[in-house]
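One structure below.
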Amino acid sequence: MKWNASRSTCLAVLASALMPAGVAVAQTTPAIAPVADKGDAAWMLVATALVLLMTVPGLALFYGGLVRSKNMLSVLMQVLYSLSVVAVIWVLYGYSLAFTDGGNLNAFVGGLDKALLRGVTVESLAETFTKGVFIPEYAFIAFQLTFAAITPALIVGAVAERIRFQALALFLPLWVTFVYVPVAHMVWFWGGPSAFGAPAGFLFSMGAIDFAGGTVVHINAGVAGLVGALLVGRRLGFRHELMVPHSLTMTLLGAGLLWVGWLGFNAGSALEASGGAALALINTIVAPAGAALGWLAAECLGRHKPSLLGAITGAVAGLVAVTPAAGYASPCGAIVLGLIAGAVCYWACTTLKNRLGYDDSLDVFGVHGIGGIVGAIGTGIVASPALGGTGIFDYAAGAVGDYSIASQVLIQSKAVLVTILWSAIGSAILLKLVDRVVGLRADNDQEREGLDLSDHGERAYNV
Amino acid sequence: MKLVTAIIKHHRLDAVRAALVELDVSGMTVTEVSGYGRQKGHTETYRGAEYKVDFVPKLKIEIATREELADQIIAAITASARTGQIGDGKILVTPIEQAIRIRTGETGEDAL
Amino acid sequence: MKWNASRSTCLAVLASALMPAGVAVAQTTPAIAPVADKGDAAWMLVATALVLLMTVPGLALFYGGLVRSKNMLSVLMQVLYSLSVVAVIWVLYGYSLAFTDGGNLNAFVGGLDKALLRGVTVESLAETFTKGVFIPEYAFIAFQLTFAAITPALIVGAVAERIRFQALALFLPLWVTFVYVPVAHMVWFWGGPSAFGAPAGFLFSMGAIDFAGGTVVHINAGVAGLVGALLVGRRLGFRHELMVPHSLTMTLLGAGLLWVGWLGFNAGSALEASGGAALALINTIVAPAGAALGWLAAECLGRHKPSLLGAITGAVAGLVAVTPAAGYASPCGAIVLGLIAGAVCYWACTTLKNRLGYDDSLDVFGVHGIGGIVGAIGTGIVASPALGGTGIFDYAAGAVGDYSIASQVLIQSKAVLVTILWSAIGSAILLKLVDRVVGLRADNDQEREGLDLSDHGERAYNV
Amino acid sequence: MKWNASRSTCLAVLASALMPAGVAVAQTTPAIAPVADKGDAAWMLVATALVLLMTVPGLALFYGGLVRSKNMLSVLMQVLYSLSVVAVIWVLYGYSLAFTDGGNLNAFVGGLDKALLRGVTVESLAETFTKGVFIPEYAFIAFQLTFAAITPALIVGAVAERIRFQALALFLPLWVTFVYVPVAHMVWFWGGPSAFGAPAGFLFSMGAIDFAGGTVVHINAGVAGLVGALLVGRRLGFRHELMVPHSLTMTLLGAGLLWVGWLGFNAGSALEASGGAALALINTIVAPAGAALGWLAAECLGRHKPSLLGAITGAVAGLVAVTPAAGYASPCGAIVLGLIAGAVCYWACTTLKNRLGYDDSLDVFGVHGIGGIVGAIGTGIVASPALGGTGIFDYAAGAVGDYSIASQVLIQSKAVLVTILWSAIGSAILLKLVDRVVGLRADNDQEREGLDLSDHGERAYNV
Amino acid sequence: MKLVTAIIKHHRLDAVRAALVELDVSGMTVTEVSGYGRQKGHTETYRGAEYKVDFVPKLKIEIATREELADQIIAAITASARTGQIGDGKILVTPIEQAIRIRTGETGEDAL
Amino acid sequence: MKLVTAIIKHHRLDAVRAALVELDVSGMTVTEVSGYGRQKGHTETYRGAEYKVDFVPKLKIEIATREELADQIIAAITASARTGQIGDGKILVTPIEQAIRIRTGETGEDAL
């Protein structure tokens, strides 16, 4: 999927443009070194910046606003730490394990050929989904780094307000290594358009489609969150004491930054500044809009007042659900997907959670897990050309292939199942391990005092 | 000397202060408090979780005064803080044994 | 203005670059399908993200910081709702009514040919202001969506702290449909450079220039805000009670995000990543800078302390004023325009408002209405090549045309007048209607308690 | 370094691509007018927006969160004012003095040829670091404007909570004029790849490398901050009273925005959307990540709890340190540089500061000064091809030149020294002058009451 | 009449309120306070600067009551606010000379 | 027992606390309050709208003490809180009839 080009894009384009015809004819296609289009490169640089914005400050504040002020810094710290430690891991070995060929284990994980980013230079290129279109490999690495960094940070919300920082400091890098990287490899690794027949990851080979990470990021983190909430246990005073968001202002701000950043997340996943990226972009605006309205409608039907937190949560659920579908659905399809995700996640965060009684502090499972599942399976439906979707490009045929909603939904469901199992089992094992080593949970006094003081020796506000 | 303590609604503060200034009350101290009483609180809902909040924000005003003025102060507060709706609040009178002005060290009624 | 291209940009560029000369000669221009430049596409994707940033969290926090904390969430909700409902409307029919030919009604409104975005695909293109330069139509739709979403959200500030959410929930979609969409069509609809003679919108045909929406967005919303403030009436305790911003921190943050996002709003309106876009960009930095200084100077002359809220409000006034001028004025011209807008809006928000006695809670009219008028008329001046401006490109002549400040100012003034009338009358009718149906105003107890609890059952802060 | 192109990029590219071969041959290179690549232009527009984001709201909130709430607005105001006044100065004369040939004084400062941006049009181009690759000059001006605006704003943190607004209102424009502009000219002015032999700035000629402004921005501001802290004196109650950040939430938010914006700052300094920009981008993610971990590790070694403020400060130190190295270091090199910078700045902000006893309120010297020095000298090491760095391109040879770590470190150290001296002396003179004219320091009562009320007549929060 | 003032830990508020409501106490007023006492505070560190914070957040509950009920109230608070750890707080009883309900003008025990 | 209540300026808290600790005062309770008195407030202006704010932020310190210590406490506070400028605040002394330590149930002076 990568290619070493010996010259910079622009010179090559100009050179080829200006080249005397005879020479151009003589140079048949293979002689032309691939170059990155500057427009694509510009877009991927920006998309990376946008996804970084999602984690810190976006997700940090979205989550932080929802906890009580005595735990504000603990959540911010956990998210910032996740970003920092994963960024380093990604360079050391994460990128290599996720995005190189893994030999015998290739169905599940990559190899160490590019550990320490060995061999990557400013001239290295990564192929996009269009044959012959490349972006600088460093841009691809950085873009994928931001995905790897936000996913474990999402889990934090499920165990917030009671897990020890030490436990997370150990768990997050382990989880990225043993859960995120393999799932990313299974879903996303392939040979690229120029080698589409090469061995790919397990779920990719199965034909599952996931435009920007519905399974890899959201179901993965959502399920890990549920497992975490169950293993760490309920907060002291859960269901007895007032546990209300300490600043919905920060939650709105965080959600707004998440939304904006998500445009880079989804439309950047096109890897090109193309019409397809523009489709993903508009879908990433209208699906959450629909989902916000869906949640508000569900609230009104449930005889509650329409709430800002509801609209925000709905919008995030819509963003989650449209993630796997962004480049496949029509805008109308995306709106419908959003509406449904908004209403279903409302049910999950209220009825379902209450019935099962787990304490998923910030509804990571209810929004990312359930929203991710709605999106992953819904993608099988809205991607259908019969419903205005783009269908799936068949690289062998060089055209969009035949599409059967039923069979695609089946494939999608299988991919969902594999992700759930991998994440649930992997997360459970790692959490048990961490519990042994450092203990997962703050003691009662610390939890009462708040993790900000007990874990970090600081307070968020001094007014 | 007496300490007159009144619990009132926030939006009556300006009126009460004006009424007290009319009486030549030279000072008062105000605290944000939460009140529980006949006035009902409200319900908040966050992602479907309902919380009944029974406490209502109120202001507490404390005026240290010489005894003679106490009744006038009570009357003035009663008149200016009243809206006629449940939750208008209370006035309590308690004894003060001594008062000192920190700046000057004056004591007794001179300190007020 | 749109064009269906059958191939992706990059392939076409490379193909044409590598094509043997003989073939290229044979293929005369018409045979080349138009393609989008990836650089332009990248820029429009980003510009869209930047304008989204302006609405949520930008405008939401800018406004939210200015109200009392008991009404914080109500304002955030109104802005988020505006974005959500307009995003859906835009896909359903808004884009079509604004940006397609409206047949007999074309002077005022478009048609329904592209309702539900019928016929738009990832290959559809929209022509920019340069002949033969195209961007993906989805990018154009998304970019315009964000304009349509922020405009009604601006109105919210004028009626904040007393209007019922139900009333706005009804009013905002109606207003977008009957006020915004027609004005956008009147000002912006034309055939594009390749068909510049085709029937265009009423104000466009008149020769009014509005680079990024001074009339469509700011005067339009500012006037609607004034009408709203008058019809909804003053807040309880207006001029008697302390009504001070609950968090100027949030207002600064919101203004900062507005400023950054506005770079996408104005420079994105060039539709290309061109030198013209760069001009609009630098003007969008220096005009608000000048306006902030202008407001501060006015404060000092008025014997007040120089205030942060003053500097912020001045900067926003400068952003408003430079909006129609961004691509036409020289940076020096933009600074002067900003300085004047800062000082004039200071006068409008203090002297004028006090004299007339209306309660425009967050000075939507004083900043967007008045600032918009200063900008729209000032554009007629600073656009003049004699003053360093770019003048107006004459597509028939293929060059910048002759320029008369006097006559352009006249045309601009007419466009301002039409916008004021359309917005004032339309807004008044719609508000009266909404008042009949659900009632505009919260009752006194609700207003005292705050709209957060009464309309939404939540509180912003729980410290 | 600039070039006037007569046609827009895209048309030229297409035209040349489609041109019959015979004509292309006839047109030898000099006949082709240089054009800006739209992808590069798009990236520079975005990079400018990102750097704007760094100042307001980024830096403003990062600093604001660290002061006591009674001084919140004063800090926000000082930063916003810095941006506003510098933006205007940049157009009036700043750009010209920094980026044109200064004749006899050219080693130290430029001339006034482009004062008021005379002669710059939408067609003007600025050459990048690649021969024949251009961006719109307005984009270059705007990009550099944002650098000039943030640098004086950085100083604000060192004298926060006690300096009068009037003093800063005078000092900041003077400082930009007499300190920033000359240093920028010394480090960055050269003839460009097409005229690399032309007279360049003093430090550039010396061979010092500074990818994105480690000397110009960070050491410069850090040293000025230290001088300011010494001349303005300690805050009342320093070391006796509780002086704790009033909102670490805002500090996290500001730092997050700084980080995201810094991607534009560093990767934008490549001036192209190239693989080199992508390298700078990933380094700007992994170096602060490493530095955050470095600071946390130092805290733990120092038997403190790992703190959020520590992680944040470390990340900023890493951003500072990687600034001069971003385009030269390998990602692994950047991580190591970050780790070291995090630990060293921890020492500087705790041990060093305590020992010397100056009151640098927000550690501008400890983070930007020290971090800048670590980065500037470290760049001499990590840039070495032997350590995976890119080395330095030799324009005469047209290839990467030989590299000696020892001699480059020596050159870097000299550049650091010159910057320290220029900034220290210049800042001291200007501060003394301002003290004479308006007085630097608020009186004790004002300082106790807080600068928000005394200088600006406002309060940040009214809850 | 008596004013019963209790300083308690935050998380005991619900229990105390419930216990008081059992006794038919019709109202109370709650204030956020900072307490200094035997219970140790905590240390905060910002960029290496350590601050010892000796004050601990507490709640103050005030109940105006007729004399007879005071002992029961004290008992109820003692029972419901106690965790057994240092810092559980104090109860103080002070005399009230007069009480007025602002809404109605009622005085004395009727006002409570 | 007596309750000594002092209204002081924020920045004198540390000095007052230190002075009280010298006297072996074992505890105190502090509340953020707004004071109205001789000390003038300030003016705030937002977009040209001027607001005169008459209230000044103050701290209220309450110390329950056995009778004998009250005068020393008053002296200590007066000395440590004084800046000599208007607004230094007041000290009020009121009677306490009973005190209880919640943790142990101790009563009277033992509870303090």
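The letters A, B, C, D, E and F name the chains in turn, as written, and every chain counts its residues from 1.
Note that in this section a residue touches a chain if its C-beta (ideal position, glycine included) is under 8 Å from a C-beta of that chain, and two chains touch if they have at least 3 such contacts.
Everything numeric here is computed off the predicted structure, so don't read it as measured data.
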item: Graph separation of chain A and chain F (steps between touching chains); value: 2
item: Interface copy of A-E among B-C, C-F or A-B, judged by whether over half of the contact pairs recur; value: B-C
item: Of C-F and B-C, pair with higher C-beta contact tally; value: C-F
item: Euclidean distance of C-alpha centroids - chain E vs chain F, Å; value: 18
item: Centre-to-centre distance between chain E and chain D (centres being mean Cα positions), rounded to whole Å; value: 54
item: Where chain D and chain F are represented by their mean Cα positions, the distance between them in whole Å; value: 49
item: Sequence positions of chain D contacting 2 or more other chains; value: 13, 17, 21-22, 24, 37-40, 42-43, 46, 242, 244-245, 247, 253, 304-305, 307, 309, 457-459, 461
item: Junction residues of chain E - those touching two or more other chains; value: 31-32, 44-46, 94-95
item: Chain contact graph, described as a line, ring, star, complete graph or other shape; value: other
item: Chain-chain contacts as defined at top; value: A-B, A-C, A-D, A-E, B-C, B-E, B-F, C-D, C-F, D-E, D-F, E-F
item: Contact set on chain D toward chain F in their complex; value: 237, 240-241, 448-449, 453, 457-459
item: Complex contacts: residues of chain C adjacent to chain A; value: 8-11, 13-14, 17-22, 36-46, 48-49, 52-53, 56-58, 60-61, 64, 72-73, 76-77, 80-81, 83-85, 87-88, 90-91, 116-117, 121-125, 136-139, 141-142, 145-146, 165, 169, 247, 250, 253, 455-463
item: Contacting residues of chain E [partner chain D, same complex]; value: 44-49, 51, 53
item: Chain A-facing residues of chain D, complex; value: 13, 16-17, 21-22, 24-25, 29, 32, 37-40, 42-43, 46, 50, 68-69, 130, 132-133, 242, 244-249, 252-253, 255-257, 259-260, 263-264, 267, 272-279, 281-282, 285-286, 288-290, 292-293, 296, 304-309, 311-312, 315, 330-332, 335, 390, 461
item: Of chain E, residues touching chain B in the complex; value: 3, 17, 26-32, 64, 94-103, 105, 111-112
